[in-house]
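Got a structure for you, questions after.
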Amino acid sequence: MDIKKYTEKILSALPKEAVKSVQEFRGQVSLIVESERIIDVLKLLRDRFGFRYLIDLTAVDHLPNEPRFEVVYHLWCHAEKRLIRVKTFAKGEPPTISSVVGLWSTANWHERECYDMFGIIFDGHPDLRRILLWEGFDGHPLRKDYPVEGRDEKRNN
Amino acid sequence: MRKEIIKLNVGPQHPSTHGVLRLLVELEGEVVVSCDPDIGYLHRGIEKLMENRTYHRSIPLTERVDYLAGAANSLGYILAVERLLGIEEIPPRARYIRVIVAELTRIASHLFWLATHGHDLGAMTPLFYALRDREVIMDFFEKWAGKRLFPNMFRVGGVAKDFPDGMEQEIRKFAEELPEKMKDYETLLTKNPIWINRTKGVGVLSIDEVLDWGLSGPMARGSGLDFDIRKVDPYLGYDEFDFVVPLGKNGDTYDRYLIRLEEMRQSCRIILQALDRMPKGDIMIDDYKVAFPPKEKVVNGEYLIPHYLLVVKGFKTPKGEVFHHTEAPKGELAFYIVSDGSEHPYRVKIRTPSFVNLQVISKLAKGRLLSDLIALIGTIDIVLADVDR
Amino acid sequence: MGIEQSGGILVTTLEKVVNWARKYSVWPLTFGLACCAIEMICTAAARFDIARFGMEAYRPSPRQADMMIVAGTVTKKMLPAVLRLYEQMVDPKWVMVMGSCATSGGVFRSYAVVQGIDKYLPVDVYVPGCPPTPDALLYGVTKIHEKIMQDKWLTKKYEHIKFPEKVKS
C-alpha cells in the first residue's frame, strides 16, 4: 500500500474535526492535529493502527508566529513498518499541552526535556522538572530568543 | 529490628557510571527501593549550536554526540541532510565506504562496551583483549582520516577521502580474524559462572515493556523484538547485504551480552561483503552546489568559486522537515531537521538511543541489589554525551 | 643527582631525590568527563601502557590521587563537582587539562559549557587536541614529570585556589 492510500485510510478513521491538515514532504506524512484532541488521536493511532512505538517527542519554536510552540510526535508501527509524524501547537502562556505519559512511559523524559528546553508545560505529567539543566537555571535555552552563549555573563566567562 | 532507608549518591564521579551519570539511589539494606537518574552533567547545547551553523559545519558536532561511535552519528546526520536535499543516489564507492566505516564503528563501540561492562562486573582481562582489537580500528581511522576517534570524513553527497592504498586488504584481514579473536572473550565470559550469576535474570524486560519504554537497539532485540532499522527501513542499501539480526529470548543482561557479540560477527560479514562489491570510482556527487569539488581541482576557478561559496556560506535547503533514523550501535539514532530554506537548520532534534534507553533503569533497578545496578548501567550501554547532548 | 665513582655512593639533594621518586609514582584520579576519557582509557590499556610512567594506579578516590586529568568538556552543571574533587585531593597535586574543551571550551561555545577550566583550577599542563591522541597525553605526562623535578617543595608554600562567588556547591 503506498503512502497516500495509507494516509487516507488513517484519516478516514480519525475524527474529522481533529485533523486540521496533512503535509507530505520527502515521503513522510505529517498530521497537524488540534491540540485539544491530541490524546484522542495518538491513542487511536496506537491502539487501532499499531503505532506502539513513540520514537521521539520534541518541540519547535516558531518565534514571531502565533501560536509559537509546535509539539512534534514521531510514531513507528512495527507491524506495518511505517513512520508517522503528528504535530500540534501548545497554546497559552505558559504554553500548555496534555501529557502523553499515560500512553507511553517513554514520554516521561522527552516531556521533561521539552519543559527544560522550551518551557512547555505538560498537563498531567507526574514529575515535571528540569532534566538536563540544573534547578534555578534562568530561561529555556532552545527558545529562539535565548542567546547561544547564555545570559549569565559572569558564569560564562 | 530497625529499618531505615539510606540515600546514596552514585556519581557523578564514579568509576562504574561510564562518565558523569549521577544516580540518586534509596536503599533498604542492599536492596534498591528507588533509583532516580540525574543527567545533564555533560549537556553541551549541541542542538542550539547546530541552529547557528551551516549544515557542513555541524558535522564535527554530531560526531561528538556519541563519542564511542562518532562516524555512526555523523552518518545519521548526513543521511538526514541528504534526504532534506533530495539526494537519493551517491556514487557506489562512497556508499560502500560509508557502510564499512559504520560497521567498523559498531564493532569499536561494542568492543568498548564489552571492555567496560566486563571491567565493572569484575572481569579485568576482557578489557585488555577488547581494547587490543579496538586499537586496530582506531589505526584504520587514523590512517584514513588522521584522527582516531572521530574520522569526520562523511560529507553531504559522499565521503571526503578515499581509503589509502592497501587499507582494503587490512580491513579484510581484520574482519576475517575478528570472529576468531572473539573466541577469547567467549572463553573468558560466556561460560564463566561468576559472569552468568551476575548477568542471568538481571534486568529482565518483556516485549510490552520494551514498546512502552520506547527502547531500541540491543535493548529491544534482547527481549525478542525484531527491530533493526537496517532491516525494517533500509538505508545505504543495507537490504542488499546478507546478515542476521540476533534476537534474545529471556530479555536479560546475559542475552543482551550474547546479542552484542553476535552483532560484531554480523558486522564483520557485512564488511566482507561490502569489500567484495566495492567498485573503483568517484566518491562524491558532482553537484557542486552542495558537494565539495575534489581537492586537487580546487586551484581552477571553475571549482574554486563553488568551493569557496560552500565553505563560507554553505548551501540552501528546501523548506520542509525530515526525519531520518539509522541503527547506531546503541540503538535508534534519529535526526529531525526543520529547515526554513536558509543555510542554517531551523531546528535539529537528535533523538539519541542512550537518552531513551537510560530512563528504564529506574524501573529495572527497583527491588534489585545495589550490585545489580552496576550490571544494569553496563547493559543499557550508555554514553553520557549521547544522553545529554 | 650525581654518582660518586668510588664506593658506589649517591650524592644528591633531598629535594631532588624526593622529586625523582615522586615523578614515577603519580597516581591519577579515575575521572573521565567526555570523549577525552576514552583516549585516557586507551592510554592506560596495553598498547600505550601508561605504567611505563608509573601512572597505572588510577585512583577512584580523590584522597588517594596526586593528579587530576580533566579529560573532557566541563559543563556548568559539572563544575562544582570538579572543584570539589580538586579540593579533596591532598597536596602536592597537579592538574593536567586534556583536550580543547577543557582548555578553552573548544567547539562548544554555548550556554552550558565552561569556557576553560583554567579560570577555576591552577593548571599545570595543557594537552591540545580534540581529542588528543594517547601519544599526546603521554607527552603531557613527561611535561608533568619535568615540572615535578623542578618543584621546590622544601621552601614553597602552597597557594590555595579561590572559588568563584556564584558557583553552586
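The letters A, B and C name the chains in turn, as written, and every chain counts its residues from 1.
As a working rule, contacts are C-beta pairs under 8 Å (C-beta built on N, C-alpha and C of every residue); 3 or more make two chains touch, one makes a residue touch a chain.
As the structure is a prediction and not an experimental result, all values here were calculated from the model.
Visitor: Counting C-beta pairs in contact, which comes out ahead: B-C or A-C?
Guide: Here the pair linked by more C-beta pairs in contact is B-C.
Visitor: Report the chain ID whose CA centroid sits closest to the centroid of the full protein CA set.
Guide: So the chain sitting closest to the middle is B.
Visitor: Could you grab the centroid distance between chain A and chain B? Build each centroid from C-alpha atoms only and quote it in angstrom.
Guide: About 25 Å, centre to centre.
Visitor: How many angstrom lie between the centres of chain A and chain C, each centre taken as the mean Cα position?
Guide: Each chain reduced to its C-alpha mean, chain A and chain C end up 45 Å apart.
Visitor: Centroid from C-alpha atoms only, then distance chain B to chain C, rounded to Å. What do you get?
Guide: 30
Visitor: If a residue has to touch 2 or more other chains to count, which residues of chain A qualify?
Guide: Within chain A, residues 133-134, 141, 146, 148 contact more than one other chain.
Visitor: Which parts of chain C, given as residue numbers and ranges, touch two or more other chains?
Guide: 77, 109-112
Visitor: Which residue numbers or ranges of chain B touch two or more of the other chains?
Guide: 40, 43, 45, 48-49 - these are the residues of chain B that touch more than one other chain.
Visitor: Along chain A, where are the residues that touch chain C in the complex?
Guide: For this pair, the touching residues of chain A are 133-134, 136, 141, 146-151, 154-157.
Visitor: Given the complex with chain A, which residues does chain C contribute to the contact?
Guide: Touch list, chain C to chain A: 76-77, 109-112, 115, 119, 164, 166-168.
Visitor: Which bits of chain B are touching chain A when the two form their complex?
Guide: Answer in residue numbers: 39-40, 43, 45, 47-49, 51-52, 83-84, 86, 211-215, 225, 227, 232-233, 320-323, 325, 332, 334, 336, 338, 346-347, 349, 351, 355-356, 359, 363, 388-389.
Visitor: In their complex, what parts of chain B are in touch with chain C?
Guide: Interface residues on the chain B side: 12-15, 19-20, 40-46, 48-49, 60-61, 64, 67-68, 112, 127-128, 131-132, 134-135, 138, 142, 148-150, 384-385.
Visitor: Touching residues of chain A toward chain B in the complex: what are they?
Guide: Residue list for chain A touching chain B: 25-26, 28, 30, 52-56, 58, 60-61, 72, 74, 78, 81, 83, 85, 104-106, 108-110, 113, 117, 130-134, 141-142, 146, 148.
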